[in-house]
Each structure stands twice: as C-alpha cells, then as structure tokens.
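So, here come the structures, one by one.
Two complexes are shown next, each including subunit A; its partner changes from subunit B in the first to subunit C in the second.
What follows is the complex of A and B.
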C-alpha cells in the first residue's frame, strides 16, 4: 500500500470542498471568474496530457479551444441548436483536428513538431478565425453570442450554478485523465515520453499512442472552448490567439507539467493573477511579464515545477522528522506526485 | 476579369515579396546560427527582434535622432539581449533536455512581448522606421515601379545573410563556430573557448534579427505582436534549409516572401499570407525530412 495515498486522498477531498464552498461566498463577479478558472484548469490539463505525459510542446492549445468555442457559437447562436448537442460536436471536431496536427508526428521529433504547432496557431488566428474568411464559422464582424444552457430544466444562468457545472466538468476530465494514467495507457505514454526508441523496441505502436494523446488533449481543450463560449456568452478570435497558448504553456510549466494537481492551481492563477495585480500599483498587463520571468527563473533554479518541488520538500521535511529510513534520499529522482 | 487584373499586379507584389523574403532570410540566418552552435531552437527570436526594433523606434521616431543611430541602437540592443539570454539563462542549463531550453525561450518571449506592450503600447499605430526614403524608379518596358526602400532592404538583407554564411565558412571564428556545432567536447579539446563562441553566436544571431526587425517595419503592421510572430517566418525559411544549410535557407526565405505577397494580388483577405506560410511549413516538413525510428534525424553539417 502506498504510504502517500491516504494524505493525498484527504488533500484532494479538502481541495474539492474548498473549491465548492469558497465560491459560494463570493460576489457574482468572482463566481463568474471561478467558472473561468475551472475552464482554464481544463486547458492546463490538456497541456499536462500532451507535455507532461508524452513530452510534446504544443503552441496551439487555444486553437483547439477555438474550434470548440466557434463550433458552439455557430451551432447555438447561428443555427439555433441546443448547447448539449453542439458541445459533443465541438469536442469531436477539436479532437479530430488534434489528430490531424499530430499526424506529422509520424515523421518528426518533438522540437520540429512544436514549430508546426506555431504555424497551426497562426493559421487559425490569422486566417481561419479572420472575420472575412469563413463567416459561417467565425461569426463575421458581428461575433457569436451563445447563451448559457439549462440542465434538466434548471437554467444555468446563475453564476454559482454555472460554476458548479464547469467545476463538475473539470472533475470529470481530471478523473478521465487520471484513470487513463494509472492504467495501461499511462504506462505506455510514460514509456513513449521517456524513450521513443525503447518504447518502439518493446513493440509499442508509438505513433498511434502519440496520435491518441493529441486527440485526447485537443478534445479536452475543445471542451474547454465550448464552455468558454457560453461562460463569456461571446466568442471572439482575439481570445484564442498564439500568445494565449504561450501563456498557457508557461503556466503549465511553472506549476509542474507532469502533475494533475497543478492544473487546478494553474487555472486559478491564470484567472485571479491578473485581478490581484490590478489591485496593486502594477496593472493586470504585468501578469504575463511576471509569468515569463517566473518561468525563466524557475527553469534555471528548479526545472521540475513548483508543485513537485514543494511536494518533494514537504516529503523530505516529514521524512527527517519521522526518521523513516524507507523514504528515498534527497538526491533520488523525483517521484511522480499525482 | 478579377483574376486577370490580379495577374498584372504580380510583378509589383514580387518586388515586395523579394524585400520581405530578404528580411526573412536575415532573421532565419540568425535563428540557424543560434540553433547550430548552441542547439537551442529560439522561439524568442522574433520577440528579441521586436524589442530591438522598438528601441530603434524610440531613438529615431520618438526622440527624433537620425534613423541610422536608431538602427545602431537596435543592433546593440539585440546583441545585449542575445548575450543576456545565453549567459544568464541558457548556460546554467547545460546538459538539460532541449525542451527545457525551449521553455526558457518561451519565458523570454512573454517577458519581452509584455514589456514592449507596456512601454510602447500593444495596438496603437507606430510610424515605420524608414532607413531609406520612399520613392522609386520605373523599369523600362513594363509597367513596374521598384521602390528604393524595397531594393535596399533586399540588397542589405541578402548581403548580410551571405556575409554571415561567408564568415562561417572562411574565418577562424566561423571555423570555431562550426566546430562547436559539430561537437562541443571535441572543440574544447582543440582549445576553442566553447562558452565564448556560443555567446558570440547568440549575440550575432540576435543582432542580425534586430536589423531584420528594423528593415521589415515598412512592409508589415508595425506592432508588437506582428513582429514577435515573424519567428514563424524565420522558422519556415530555416526548415526549408533543414536548419543547417544557409544557402537553402535564403532560397526558402525568398520563396516564402513571394508566396506571402502573391495572394494579395487576388484577395483583400490578408490571412492568405498565413496560408502560404502554413503550406510551406507542411511541405518542408513532409518533403525534406526522412522518417526514421522516433522521428527525423537532422544532419550535423553546417552551412
């Protein structure tokens, strides 16, 4: 039995309780922000799947999200569909494009593939989502304004209700990814990340698994996009550009790209960070400057990310106090936390 | 009718495309130089060029000093930024995975992009830095006017790129750079100061990017975002050169510049330039890289 399992379960339970209770006490505006944080956390999970589990850097996660968001906008606002029908379409479309983007992985190493994802991001940002390219998809100059859906006859227009819905979706996504990770898929993906050559020698179809990871990651990002569309009740190309994807990547890396726990905190940080800055003499615009500086400093001093670093420190502090000889020494390789 | 009208504009747009291609060649040369010598794919290359260009803007447009002084300020800024990135944040990561080093350049991209936005504004219009005054001459025989600025941009950019290729091939410093690119450990055994050569390649590559940034301002939207993303144009040209061959990189850059300008003859949708870039990236990746286990292997020869 894993010694760390019980405290971890308590921590996760406490985290969920906090995430349910605190927003209930906040103002409606902050509840809206909490919903955005839950959605952003989903986007961070999509980065964790790709970068943490397969070792692939993607600069186009917000392009996948845009597919979900604009599909929702076009179907709900443009065609009058129900959100519940539009959402699966958006997720499937995003996942399909994700697999397409991953196909060059058949031939390329990670670095060159990440160059391709920059090209994909700018292709979407500057062409596909441009107002005069595909008005039926991008909504043209008027933009889409999809309304929040109702669930079993209950309108999710209340801020706290909608937050609960997005948080539930986030938990579902985390559960799905966590299950995959602890099963065969997780072992295969880690093998692929650590050495493609070794994984291929073991008879694993590296390409198929990589494509599956791309599809899953893009699907999660697409789902986040669908929710983002109704959370903001508007869809505009500027919110899904290359720089947003860069920021997302930076946040996921700072909080620890291999760790699911990092996602929730990363999401909250992404949404509340700029707001907290706005209350200081600096403005919200400083957020990505500080984010970039933290990213550089952290990579130079503690390359595994904040969460694994802190978890490691705590474990070692506990270990020293208990004098438990079964714990690994300080210089042992970092053990996965989540 | 429309298409025919568009066709007659092709020579004009080819002139712009060549100028654009020259600038991309310059940016890509810096990128390849840095990649070959230090093994880092520098995603902040465009951001460095952008920041240096805005320093030139500050000197020449805001403070009203001569344009050439602005260009000089940009070159110095580029070199200093290149040195800082290498010395303070890449060198301590020696021996770490290439992905970690890429992540560092992503951090720099965010820092420089946001800082420039805070200082000079994100969206507002900035007057282009014109190293050469506007005006041009008519080509006898056909209906085509070649702007002096476009001609100068092309000539300056191309000669600088070729100059760097020559430096790599014919000088001692160039030989040292190629030695470090091929095998840092062996280069060190031969008495080459690997750290210094790496730092010089970052400074040179970034200074060249700064020149590219200043030259490109009359050709594109002069704002922080548009300049930062010329990194993808540099990547595209570099990919056509397989990230090693400078001559092929120049060919790729000119091809890219023209491919971005030609659609403008037929459509008012500026997004088609990005379609050309995307198509060229795909073609370069599909045609030029041979598959092998675990992905493509790059050859390890310089220029």
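What follows is the complex of A and C.
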C-alpha cells in the first residue's frame, strides 16, 4: 500500500534539487521568504506528528514556537548568549511546555481538546507575551533583536546562505521524524490513534506516549521558533498569535495531515501563497478566505488531504494500466503514503 | 495451582449490579469458560481482569499479585493478554504492524534509538518483524500480512486479534466472545486452533461466550454467570445437565 520506494526516492531527490536551485535564482527578498517557508514547513511537521500520527488537535503550535523564539531573543539579545546554546534551551523549554499542555489533554479529545489548546494559545497571546507581564522573557516594549548566527566561522547573514541553513535544519527534522515514523514510535503512536484500549492492553503506556508526542511536536515547533527569531532578527508577539496556529492547522489539513510531504508544500504555500496573490488583481488579504474555501472543498472530496488523494489516484492509474485486478477498492482505508 | 483468582468481586454501574459477589479461579494450563446470557456481566469481568476498571468490592489476584489499581499496560506486561468482543484492531495499520505493537511494547528502547537508526533499533525491528511473521504463519495468516487490518472480514480479524494477543507472549489469555460473527465451520476451526495454541504456547485461557458450541468443545472447566452471579460451575458434561443452567440459559436459547 506504499508508493514504491524507487519513484518516491526520485521524487524526494527532485524536490530537494528544486528547493536548492530555485531560491538561488530569486531576489534576496524572496530568498528571505524561502527561509521562512522552510521554517514554516518545520511547523507543519510538528502538526503532522501530533495530529497526523497520534490524532490529537492543537491550536497552539505557534505558542510553542513563541517559547523557542522568545527564549532565543532573551538569551541571545538579552544575555549575549551564542545562538547555538540558546537554541537547545529553546527547544527543551518548548518541549517541556508541550508535555505540560499534554497532561490535561490526556483526558480530552476532539472538541474539548481544541478548546483547551485555544485557551493555551490565548493565554500566551494575551498574558505571557504581553509587554508588561514578563519583560525579561517578552522583551518588554523594546523587542528582542537576536542576530543571525555564524556556523563554523561562516556568517549566515547572506539571504541564500541562511536559507540553506534553515532548509538543512528542515531536512534534518524530517529525516529524524521519518525514522521515528518507520520504527517503533511510529507504530506505537498510530496504534494509540486507532485504539487506545487495545494499545493499553498490548502493554503500551498510552499516557507516556501521548505526552511524548506532545513533547516532540512542541519541541519541533520550538526549534522552528528559534530559527524564526533569527530569520526575522526580531521577535514580536504578533508573529506568534492564535490565528497563525489556526492557519497552520488548516494548511496541514489541506495538504494531508498524515504525510510529511505535506509539510514542505504546506510551508511554501503558507509563505508564498499571500505573496503570489498580491501579484494578481486580488490582494494578500484574500489568502485566508481562499484557504478556507479550499479546506472546505478538500474535507468534502478528499478528507485525508490533497497529497494522499493524488498519490492514491496515481497508484490506481498505474495499477489499472498493468491490469492488476488485485488492487483494493478506492474506498479501502489508506495506510500511509509518504 | 490457580493462576487467576477472582474473589467476591462486585461491580455496580449507576446502582445496578453488573457483577455481584463473583468468585472463581482459573488453574494454570487449563482452558476455562465463563458463559451466560447477554448482559450477565461477562465482558465486565474481563474489563476488571485486564484493568480497564477496578471492582467496587473484592479482589483479583494473578499468581501472587493483587491486581487492584494496576493499570492495563502493567498487567499486559505481566502476561495478561486479551481480545475484544467488538474488535479492537489497529484498523488503519497492516496486520503485520498490528502484531509488531506488543513486541514493541516489550522493548525498552526510546525514541532516540529510532530517530538515529541506532543498531539496536534495526536489530529489534528485525526481531519484532520475525516474531510477528512466525505468529502469522502459525495461525495461517501469512497471506494477509500486508493487508490493512480494518478492511478484512470479521472472521480473519478475530484471528488477527488472537495472533496479536499471542505476540505479547502471555501466560493468561482472555478471549472475549471469539466465536461471535463466525459460522459453524469457522467456529469448529477456532476450537481446534485454541487447543493447538494452548499446547504450543503453554498458556492458560479464559474464554467468554454465550455461544455454547465453542465453550463445550474447548473448555475444561466452566463457570455460568447469570444476572451478575455465578450460578453453576463444573466440567462441560455436568454443566450441560445442570437444571439451573438449563433454566437460566439453555432455556432461553431453546425458547
């Protein structure tokens, strides 16, 4: 039920080549945007881990990212730390908060879990990141301005160079998550998603695994936040608000919340979508509306998301050509796609 | 020696007794049966033994351990495995993956080993797959190894659930209505399989069913539940002739 390994490897290779070459030809402004796309893609990965693999919903991924970003800001700009030391602190802090959010989430699913995560997001928006609550963390009325780091003596200040760095980080995260998914953790998390009862009676500590998933997802979002802080060289609460988290979830859902490929495309879509719209007679303001319309259409026609749907169609077309009658019917559940 | 001892267990749901003062024991190595009409409390008993919830009164002992308050996954790791009346396979995973989950659960490795593809991860992955495939082979399921579990017929799914439970390497296997939804021939197959499984894996089984055919065929000792109480116990021949059983149970089937 998997796309054959070789075409998939070719596709992934081609995708990486495109992602390396195209931005090199773009203007410095669009190269900056490309770095943002890679970072956003990492945020989509964090959604894939939590929603796609374990079936939990989170409307506060940008709050986890904010922890990474503000930790980076406070330590690099405020305390003069090296970015390379601040980054792991930001990731661990975000993961820890993720686990904390996961504790009440253990007893909740669906609507109630959504409400909980909305509450967390608003708590961050309105309280934690408000200028006068924790100035040592939020930077107060002066925002943090962490500088881009240097890597092995090379300053990552050039637009394309910094893009390469973020893209490499994205690939690294995807590789680690992909390995997790194809091993024990992936099976265990999907087992918990399909039947918590059976998972527990097969000897799995469902509680611990759900918390681990929240921690992992929040940690990835936190890493994205650390990168976002230095990509923008400024950290402001407005970039991490609740509405961003909603859009992120919508984009992950549209492309396919269970598949990692969705992340790469989702990230590019999130960043370049509004920009491309701005070049048409419409304006970037239409992006949310169009995203919403696409989401509704996709939920009606292909609930698993665009990428699983396309992969499924291709697979069927291939099998039909080979005259293979042993294919399962189109409505059979899809196991995994990419 | 008794492997499972249920001692004066009661469980109420909103004031109604699902189980009332139920006592029985399952001896090491035997296939015991728990029968009774629908609503007699059989599945409630299973949920109590496997740790889905605890009884209001009474104790459940497994060997020398009091199971009270112990969570399901701890009980599973001590060797108590179960299947479900309403199938609980991991529906969107393949059959092979379903069977690998209990092997995964027994492994100590954390996420890091998998994320970095450490040798231990590869080794254990390989071992889990081999163990799962061997079990599929033993139960004649090799053909469906790569099928999506949720898309299979009920008969096959029941067999997969049995295989998955066995991958836990249990000492005590609880089977909740394993013949439900099976036809006469499939039920006969299942009876033969269960005896074969018990002999091969040297385990103890407790079987719940309201279908007498399977229980009479496989069980060595039978407890009859009715309205939350044990009303009779003994070997199959004796149960078949027990007047209170006939009244409570067989009478219902005859009517």
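Going forward, the second predicted complex is superposed on the first by the 325 of 338 C-alpha atoms of A that agree within 3 Å, B and C clash if a C-alpha of one lies under 4 Å from a C-alpha of the other, contacts with A are read in each partner's own complex, and residues count from 1 in each chain.
Throughout what follows, a contact is a pair of C-beta atoms (placed from the backbone, for glycine too) under 8 Å apart; a residue touches a chain by one contact, two chains touch by 3 or more.
These numbers were taken from a predicted model, which means no experiment stands behind them.
J.: Between subunit B (first) and subunit C (second), which, if any, makes contact with A:187: first, second, both or neither?
T.: second
J.: Is the number of subunit A residues in contact higher for subunit B or for subunit C?
T.: Looking at subunit B versus subunit C, the one contacting more residues of subunit A is B.
J.: Regarding the shared-chain residue A:115, is it in contact with subunit B (first), subunit C (second), both, or neither?
T.: After superposing on A, A:115 lies in contact with subunit B but is clear of subunit C.
J.: After lining up the shared chain so the two structures overlap, which partner does A:176 touch, if you call subunit B first and subunit C second: first, second, both or neither?
T.: After superposing on A, A:176 lies in contact with subunit C but is clear of subunit B.
J.: A:10 contacts which: subunit B (first), subunit C (second), both, neither?
T.: Neither partner.
J.: Just checking: does A:132 make contact with subunit B only, subunit C only, both, or neither of them? Give me first, second, both or neither.
T.: Only subunit B is touched by A:132; subunit C is not.
J.: Thinking of the overlay built on chain A, is A:197 touched by subunit B (first), by subunit C (second), by both, or by neither?
T.: both
J.: Using the superposition on chain A described above, determine whether A:247 touches subunit B (first), subunit C (second), both, or neither.
T.: first
J.: Quick check for you: in the superposed arrangement, does A:82 touch first (subunit B), second (subunit C), both or neither?
T.: Neither partner.
J.: If you stack the two complexes on chain A, which partner ends up touching A:206: first (subunit B), second (subunit C), both, or neither?
T.: So A:206 meets both subunit B and subunit C here.
J.: Mind sorting out which residues of subunit A both subunit B and subunit C touch, each in its own complex?
T.: Shared contact residues on subunit A (touching subunit B in one complex, subunit C in the other): 197, 200, 206.
J.: With touch defined as at the start, can you tell me which subunit A residues reach subunit C in the complex?
T.: 1, 176-177, 179-180, 183-188, 190-191, 193-195, 197-206, 212, 216, 328, 332-335
J.: Give the list of subunit B residues in touch with subunit A in this complex.
T.: Touching subunit A from subunit B are residues 41, 43, 88-89, 92-93, 96, 98-100, 102-104, 106-115, 117-118, 225, 229, 231-232, 235-236, 239, 268-275, 277-278, 281-282, 285-286, 289-291, 293-296.
J.: Tell me, which parts of subunit A touch subunit B in their complex?
T.: Those residues of subunit A that touch subunit B are 55, 57, 104-112, 114-116, 118-120, 122-123, 125-128, 130, 132-133, 196-197, 200, 206, 241-243, 246-247, 249-250, 253, 285-289, 291-296, 299-300, 303.
J.: Can you check the complex and tell me which residues of subunit C touch subunit A?
T.: 50-52, 71-73, 75-77, 81-82, 84, 88-94, 97-98, 100-102, 104-107, 109, 111, 114-117, 121, 124-125, 128, 146, 148, 150-151, 164, 168
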